[in-house]
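What follows are several structures.
You will see two complexes here that share chain A, one where it goes with chain B and one where it goes with chain C.
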Partner chain A sequence: MLAEFSSVLRATMLGVQLGMTLALVAAGLTLIFGMLDVINFAHGSLYMIGGYLGVTVASQFGSFWLALLIAPLAVGVVGAAIEVFGLRALYGRNPLYHILLTFGIAIMVQGLVVEIWGGQSLRIEAPEMLSGTVSVGPVQYPVYWLFVLAISTVLIAAVWLMIDRSDLGILMRASAHDTEMVDALGIDVSKVFTGVFVFGAILAGIAGVLLGASRSVSPGMGFGVIIEAFVIVVIGGLGSFKGAVYGALLVGLVTAYGALIAPSVTDIFLFAMMAVVLMVRPNGLFGATEAA
Partner chain B sequence: MSELLSVDGIDTYYGESHVLFDVSMSVDSGEVVALVGRNGAGKTTTLRSVMCLTPAAEGTIEMDGEEIQDLDPHDVRRRGISWVPEERRVFGGLTVAENLRLAARGGEDDRTTQIERVYERFPRLDERRDQHAGTMSGGEQQMLAIARALVGPETDLLLLDEPSEGLAPQIVEDVADIIRELNDEGVTVLLVEQNAEMALGLADRAYVIETGEVVHESPADELLNDREAMETYLGVR
Partner chain C sequence: MGLLDAFDPREASPTTDGILTNRGRFGILALIAALAVLGPIAASVRPFWLYLLVQILAFALLALSLDFVFGYAGLLSFGHAAMFGAGGYAVALLVTHVTPNALVVLPAAVLTGVVVAAFIGWFSVRARGIYFAMLTLAFAQIFYVAAFADLPASILGVETITGGDNGLVGLAALEAFGVVDLSSRLNYYFLTLALVALSLLAIVRIANSPFGRVLQGVRENEDRMAFIGYDVERYKVIGFAISGGFAGLAGGLYVPFQSLAQPQLLHWTLSGELVVMLLLGGLGTLWGPMLGAGVVILLEEQLSGFAAWEVILGAVFVVVVVFAPQGLAGVLVSLRDDPKDALGNVRDALANYREKVLK
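On to the complex of A and B.
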């Protein structure tokens, strides 16, 4: 009985942690869709670049913390380049163009990553102070995972507050609703677009470094995470930030509990859940009724 | 009176379809000018061309003597032209206060002062600061759309697109009063209306536009009293 309780508790903690980290990826995906009307297939690549740059910085300078700082910023620069030199020319076009461009970028990034870092999976060295385990009730839980849970939660809470309260959040919600009107009010929307894209890229980069030290970093991780992120965003409602957070928690928990019950069919649980949500609420849990 | 806005021979397209043909008009500082015509004549497109939302392919548009037809919409707004669009387009998911905070961003003045000033003018909005704009009545949304156009960068010229659309007659009166008040305070107005009688009652001068061409220009009361012209151009008997 005790053994069962402890494995459920452990799965719950794991699920919440995974959910909050996935929320970092899904948040960017959903915000970019909500404001730019772009389905960004390259979002998983940004996450992957974060992981690989994290590996390089951490091994070059021997510091996880430096990796956590520098890699996401570098991913932000990559994001800016994609938006300014790629997507900007395609706004207002048929979404097929966005999909072709971002999908093409995703494939290129995957090829480049194999070229530069090789095909084997790598790992970021977690810092000494976060090694070992700590007991949470009957569960021995890795300190590093608790750290990932804490930092992801703090970041998501900060983004939530920012969108809900700040001027920037108001601007983001208004632009998601009617960009032309925002432009006509005297606000340069193209700068907002770049800003949101870079912001989403940085969040994905952070997730890449965080998970790079707990899972591993491999050339398939970009496409792996984009599928999870799409499930989250579809469940939560395309364009809704709140939806992405709740959706991510749901996906995290289902993945963790699924691993407990029937590890080989976890993915089926996820897609079944998505199908059910879509049947009951076609716009997702928070879709359409709310701007961001 | 000095010329504030001058539209000179513009041609505007939506994709392949040619909407405005060699349209010219001018608005002097302090005037209320009405632009009337039937549905689909090109009234909205004219305002969109001035805002550079649907940029003119040919011709020039000058504000205060400077060409603006190649600017982006946000730069047009910063030159003192403010647009109240058809169907109001308030940000429905934002509260009244958030709508105004957003619009006041681009302004030089202290935002709070600016916003308090519009609350004084629109007490209904003051009462509804925290209400989501999407849940308000059409009249209240129209007030918010006008209020939103008055904060932010200085507004010298107000472009109003169908402000009476879908409103009860009493509310149309209120909107007309507000336009009159604003004009008395020095705001120049270019008013597009289906409701020709309301527009001509407010305006100093009027242009009639028909299938993308300006077909008539006169003082507003002259057009209002010209029964033949009213019937031919506007279908008003």
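On to the complex of A and C.
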């Protein structure tokens, strides 16, 4: 009985940690959708670039911390390039075309990654001070995972505060709500759009580095995480930041518990949950209220 | 409503009905005739081309089926792989356990596609726009995982049904009462060509029937159609089921030729690729998506020799979407209408791009 309790506890901790890190990916996705009306299929690729650059920086300079700093910033630069040279040409057209554009970019990135880093899966070396385990009740839990949980939670809280309280957050929400009005007030909305996209890219890059040291870094990770992120964002309600956070926690927990019950069909629980949520609330949990 | 309105495909379907003009009819007939001639040539020169042609035809049919619900009814399905794969698996299972008779297995593939689509559609049509797309994706992924993990076998307590991640391999060739030998690749090609041509005819007829007009009405303004008294959800489910039947047939034609049914047929990336084929070809034109399917498959085939072929393929998508908003169909139509101005159009597109990017 104790063994069962400890595995449930372990799964819960793992689920919360995974959820908070996925929230970093999903938050960017949902912000980009809410403000730019862009379904960003390349968001998983940004996450993947973060992971691979993390591998390179960590192995070149032997410092995980440097990787955690540099890789996301580089991903931000990639994000800026995508927004300026790709998406900008499509604003005002049917958002469907963003799917084709970002899908094309995602395929390109996957090909490039295989070219540069090869097809095998890699791993970022976690720092010495975060190795080993601690006991949480009856569970031996890796320190690194706790670190990931802590840093993700802090980041999510910071983003939440920024969107909710700061002037920048108000500007972002206003631009999403009525682009023309904000433009008329003398603010360069296209800069706000670029900023939001870069911001989302950086968050995805951070998640890529963090999970690159606990999961692994492989060419399939971009297309893998994008579906998880879409499930999260859709459950939470497209465009809703709060929804993305709750959705991510739900997905993280379902994934962790699912692995306890039936590891081979975990994804079914995930998609079934999404289907049920959408059938009960066709706009997701927090859809219509915050997003519109 | 803002988010959902954004997914209105109206502005993306500029050349609907182009296929029904005399020129459109003639073009399609000429193309079918050309393909019928091309088959024997390909078979004698390089049999591999025949393989490619069947693959293109199957995906053209799949793209056509999606364009019917997406372009005409405005239902963006991100789970059409479910019907394609279900049709394919149905054929594979029948061939393995019951009979390789094409007159049995192909109708069964259609039926399977209809049933699966009706099931998915019934649960999904209440959601609109991108939420509908995500629901269809969710159901399709459930089918994928079920096939991958061989869930039916675990439930029924038998050893294997779907063959798990290996799929069902080494399928016997189809036949038709021992009269027609469909293990001949050329015969199979003619069968596929004939069925795809008939499907195109059927879909054009359905799309322009009173039923199809109602679907277009739903695309244009769903609330108004409901207000007039149409049972909008029922129309959407039926439209989706019809599309599923054609998607199932596409899978049923694809699998025996490959002699392989694998879970990848059900995966969301196939659905995504399909949406790319539609947008690349020209949404809502029926012929554009079929063209898009052919181009994507040819590109994948031709490029796969290069090391960084995915980079090139992705770049092609990016360039088309940025510079040719109406897809390849739009490019062809503008070339036909005004061939002299082709260069001017390119210059306009580039100037337009620079202006938008540098603003």
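As a convention for this text, the second predicted complex is superposed on the first by the 290 of 292 C-alpha atoms of A that agree within 3 Å, B and C clash if a C-alpha of one lies under 4 Å from a C-alpha of the other, contacts with A are read in each partner's own complex, and residues count from 1 in each chain.
Methods note: a contact is a pair of C-beta atoms (placed from the backbone, for glycine too) under 8 Å apart; a residue touches a chain by one contact, two chains touch by 3 or more.
What you see is a predicted model; the values in this text were computed from it and never measured.
Engineer: Looking at the overlay, what does A:V189 touch: chain B (first), chain C (second), both, or neither?
Structural biologist: The answer is first: A:V189 touches chain B but not chain C.
Engineer: More residues of chain A are touched by which chain, chain B or chain C?
Structural biologist: C
Engineer: Contacts for A:Y257 in the overlay, against chain B (first) and chain C (second): which applies, first, second, both or neither?
Structural biologist: A:Y257 sits against neither chain B nor chain C.
Engineer: Which partner chains sit in contact with A:G104 here, chain B, chain C, both or neither? Use first/second/both/neither.
Structural biologist: second
Engineer: Is A:L238 in contact with chain B, with chain C, with both, or with neither (first, second, both, neither)?
Structural biologist: After superposition on chain A, A:L238 lies in contact with chain C alone.
Engineer: Using the touch definition from the top, say if A:D178 reaches chain B (first), chain C (second), both or neither.
Structural biologist: first
Engineer: Return first, second, both or neither, reflecting whether A:D167 touches chain B, chain C, both chains, or no partner chain.
Structural biologist: first
Engineer: Considering only touches as defined above, state whether A:L278 meets chain B (first), chain C (second), both or neither.
Structural biologist: In the superposition, A:L278 contacts chain C only.
Engineer: Which chain A residues lie in the overlap of the chain B contact set and the chain C contact set?
Structural biologist: In chain A, positions 291-292 sit in both the chain B and chain C interfaces.
Engineer: Which part of chain B faces chain A closely enough to touch in the complex?
Structural biologist: It is residues 51, 53, 72-74, 76-78, 83, 85, 89, 91-94, 98-99, 101-103, 105-106, 148, 152-153 of chain B that touch chain A.
Engineer: Can you tell me which positions in chain C touch chain A when the two form their complex?
Structural biologist: Chain C residues touching chain A: 1-3, 6-9, 11-12, 76, 123, 126-128, 130-131, 134-135, 137-139, 141-142, 145-146, 149, 151, 268-269, 272, 275-276, 279-280, 283, 307-318, 320-322, 325, 352-353, 356-357, 359.
Engineer: Inside the complex, what are the residues of chain A that reach chain C?
Structural biologist: Of all residues in chain A, those touching chain C are 37, 39, 41, 84-86, 88-91, 93-97, 99-101, 103-112, 114-115, 190, 223, 227, 230-231, 234, 238-239, 264-265, 267-268, 271-272, 274-275, 278-279, 282-284, 291-292.
Engineer: Looking at the complex, which residues from chain A come into contact with chain B?
Structural biologist: Chain A residues touching chain B: 167, 170-171, 173-174, 177-178, 180-189, 290-292.
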